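Chain IDs A, B and C follow the sequence of writing; residue 1 opens each chain.
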Amino acid sequence: MGTKFEGFPNVIYAQQFSRIFLEKYFLPLTDEMQVLFENRGCELLRGKRMISFFYQPSTRTRMSFEMAMDYLGGKVVFSTENAREFSSGAKGETLMDTINVINRYRPDVIVIRYDHKIGAELAAKVSHVPIINAGDRKPGQHPTQALLDWRTIFKHRGEIDGLKIAMVGDLDKGRTVRSLSYLLGKFKGVKIYFVSPPNTRMGSDVKRYLRRHNVEFTESTDLRKIAPLVDVVYQTRAQTECGTIINRKHGYFIVDKTILDLMRTDAIIMHPLPRVDEITVEVDSDPRAVYLTKQIDSGLFTRMALLKMILSPKS
Amino acid sequence: MGTKFEGFPNVIYAQQFSRIFLEKYFLPLTDEMQVLFENRGCELLRGKRMISFFYQPSTRTRMSFEMAMDYLGGKVVFSTENAREFSSGAKGETLMDTINVINRYRPDVIVIRYDHKIGAELAAKVSHVPIINAGDRKPGQHPTQALLDWRTIFKHRGEIDGLKIAMVGDLDKGRTVRSLSYLLGKFKGVKIYFVSPPNTRMGSDVKRYLRRHNVEFTESTDLRKIAPLVDVVYQTRAQTECGTIINRKHGYFIVDKTILDLMRTDAIIMHPLPRVDEITVEVDSDPRAVYLTKQIDSGLFTRMALLKMILSPKS
Amino acid sequence: MGTKFEGFPNVIYAQQFSRIFLEKYFLPLTDEMQVLFENRGCELLRGKRMISFFYQPSTRTRMSFEMAMDYLGGKVVFSTENAREFSSGAKGETLMDTINVINRYRPDVIVIRYDHKIGAELAAKVSHVPIINAGDRKPGQHPTQALLDWRTIFKHRGEIDGLKIAMVGDLDKGRTVRSLSYLLGKFKGVKIYFVSPPNTRMGSDVKRYLRRHNVEFTESTDLRKIAPLVDVVYQTRAQTECGTIINRKHGYFIVDKTILDLMRTDAIIMHPLPRVDEITVEVDSDPRAVYLTKQIDSGLFTRMALLKMILSPKS
């Protein structure tokens, strides 16, 4: 199975995964993981050691990974959100020192969140232990989020080809929409509607990638015009406290009752969380809202599947 | 047993517990927990998962809960004191998002310390997983502290009825004295002597509750007058660095050799810790000082008992 | 075996260990630990409980201790780098309160990093549970670092007698060079070359100790003159961001290609990490550089050996 997993055993970029891998190997494995979870866990990774090494707090992502390890019977032998303390000085160099040091303790996998862009990539270059990128910095990637988003959509639609998706909000800073865009480039007939204020448009690197992979995209400042057209509204967080207020001056970006009424009945609403007020609370109880339910579950099953593939590829 | 435990399986307020529950079920169970502890633990909660979710550091309380879980054979699957990072924005709403997310991972219990008043209550409203309030914000509650204080007093006196207790210090900000006052309202003939500077008097909400429950109380600014009268001197921490110095201008609030000499020989001195200088070190070796010994032990047995009740009510 | 271990079961100062202990008991035990590590761990300390109690973040040291505990089958039941929160106020007093509280939970060992000099010593005075000093504050000690440095040198040279070692950098603030100097005072014919700017020379307390123990030492500001003479170049971190730049004005303290070319072929280069730029990256691949390899390994085996001695002295 591992032979199909390009770039393995490291998980660094969303685009390292092929369509074949995603559909034939990854997806069924996440479903197996769901069964293990519903059975309250297993001992598959007994004796395996994970280190969570976060250069900035990300309680949500760290919890998802550590719960995934626990449900598989593995152990989180060391966990920190204070890793920045290690790196007092010349940044890139010290990251390599750090990864070298951690390697000497021979854990079975390192989950890293770095506060600079190329952290996980650099780490994987020097590490003999598999590296999982739990998010790097802006604009960076968050490949496990892309995988879980991908799975959420696939489980809902049964396929990705022909997907129409709106990505809304601070698109230039959002790791999640960047990583998901890269992943969608693997599929056919996908159309992305970027909806953002003019000052937070999707980066040109991603747009070049989409053009190269024949992914159609448009840019807009009014979610009301886009909402009726799409299978998925993927909302993202305003990265500054006053971000949403500023946004309102330049267009319409909030998912609320108005948008719900415009959306198709078979569409879904996603959000990587945490949410501020860019999705109003009234939306939560709508059956199309999956950000507090199926999307979270997909995150757990996705991380379980990755850990299983990396730490026990044969079983 | 669980049927007697009002509000179960959540532990939110001190006053949710009935007298019957406390005396007939809770107290004997804490004694059983002491035996388990002295036997160096057990496997009663094997396979059970606790999440410690703290919005502010509280090393002391977190340690007590996590040690309790360990002595029962359960597992702390995730622990953070950085939870505030989750809540970037509209506070109450995001707490509910957070609790919803944690619920998807299906832990068996969530221990939460929140930095706003109604945190645990809100959490319990949306959570399908039992919530234990490990302290919320000012003026808030700290029900497990109230239970351990209650147990400490009960184990010493053999009953609560007729108790005379001095509560000393920053009474308006102290969660512990607030929660303990609520709990004492369940008993007969209790008299509370509040001793504090005029500007940190006990809140009127608590006083109204005490009147409604026929608990006698007085207010004073001189501990020397009160010390000879009471079974318990319950000292609290000056919440500001210079607090105690300010206090001294307005009365006498320090527990020292002078107070020791005035106290009854069968009285005890309690403190929720951490202490600054409101109890002088010379007091520590007095047999009446229980804040570094029996009160800590009661904290462990209390949290073990609560976890046992919530996670293994039948065994 | 424990009878030979002066000061046991606490590990507070580098100088508490005798030469006999180090050579006859400690060193062979670290080699046994290496075998256990290479076998991916054991269950020797099953049921034993360690508490990591750090008053300041030290991800590196904490990781080494917690991995050591894990490879021996013991459990880290509580871990914090936020312990400072405990100590809101009168420092020394509150540390004693804290240690008293932790003792009530009856862990089997407490690993403490304190932010004041005499922390571990104070802790050991009140604790019934063994204390391991994981570094105290400036100028303080870091005895487990001294032991691991000692082992690294011993494994390389086969003995310590006759050692010529350069200690380079901010010597007045560096705990590690202080602790190592104390330890080297136990051996014969050792010569230490202190190389530092005039304003960061080794403290007079250490120099007095060395004179008393007949350890020869010199002071210099040019590593190029010293490098050809020594078995070990022990580099330390510039403690301020701009420290190294300042240093360059006052002499020559960087380990780079120039120094490599001057050093003997059988010498080694050590560093306690984290490194800033006082060793250039080009040095890393030289076989004499052990700071990212054998020195790290020695740290793990040293901490495993200490934990084994303290927690399972008979086995």
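Note that contacts are C-beta pairs under 8 Å (C-beta built on N, C-alpha and C of every residue); 3 or more make two chains touch, one makes a residue touch a chain.
None of the values given here were measured: they were computed from a predicted structure.
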Rotation, 0 to 180 degrees and nearest 5, that superposes chain A on copy chain B via CA atoms: 120
Copy pair chain A, chain C: interface residue numbering same or different (half cut): different
Geometric centre distance via CA averages, chain C-chain A, whole Å: 40
Set of chain A residues in contact with two or more other chains: none
Residues of chain A that touch chain C when the two form their complex: 47, 49, 51, 75, 77-78, 80, 82-83, 85-90, 93-94, 97-98, 100-102, 104-107
Touching residues (chain side chain A, partner chain B) in the complex: 37, 40-41, 57-60, 62-64, 66-67, 70, 81, 241, 273-277, 281, 292-293, 296-297, 300
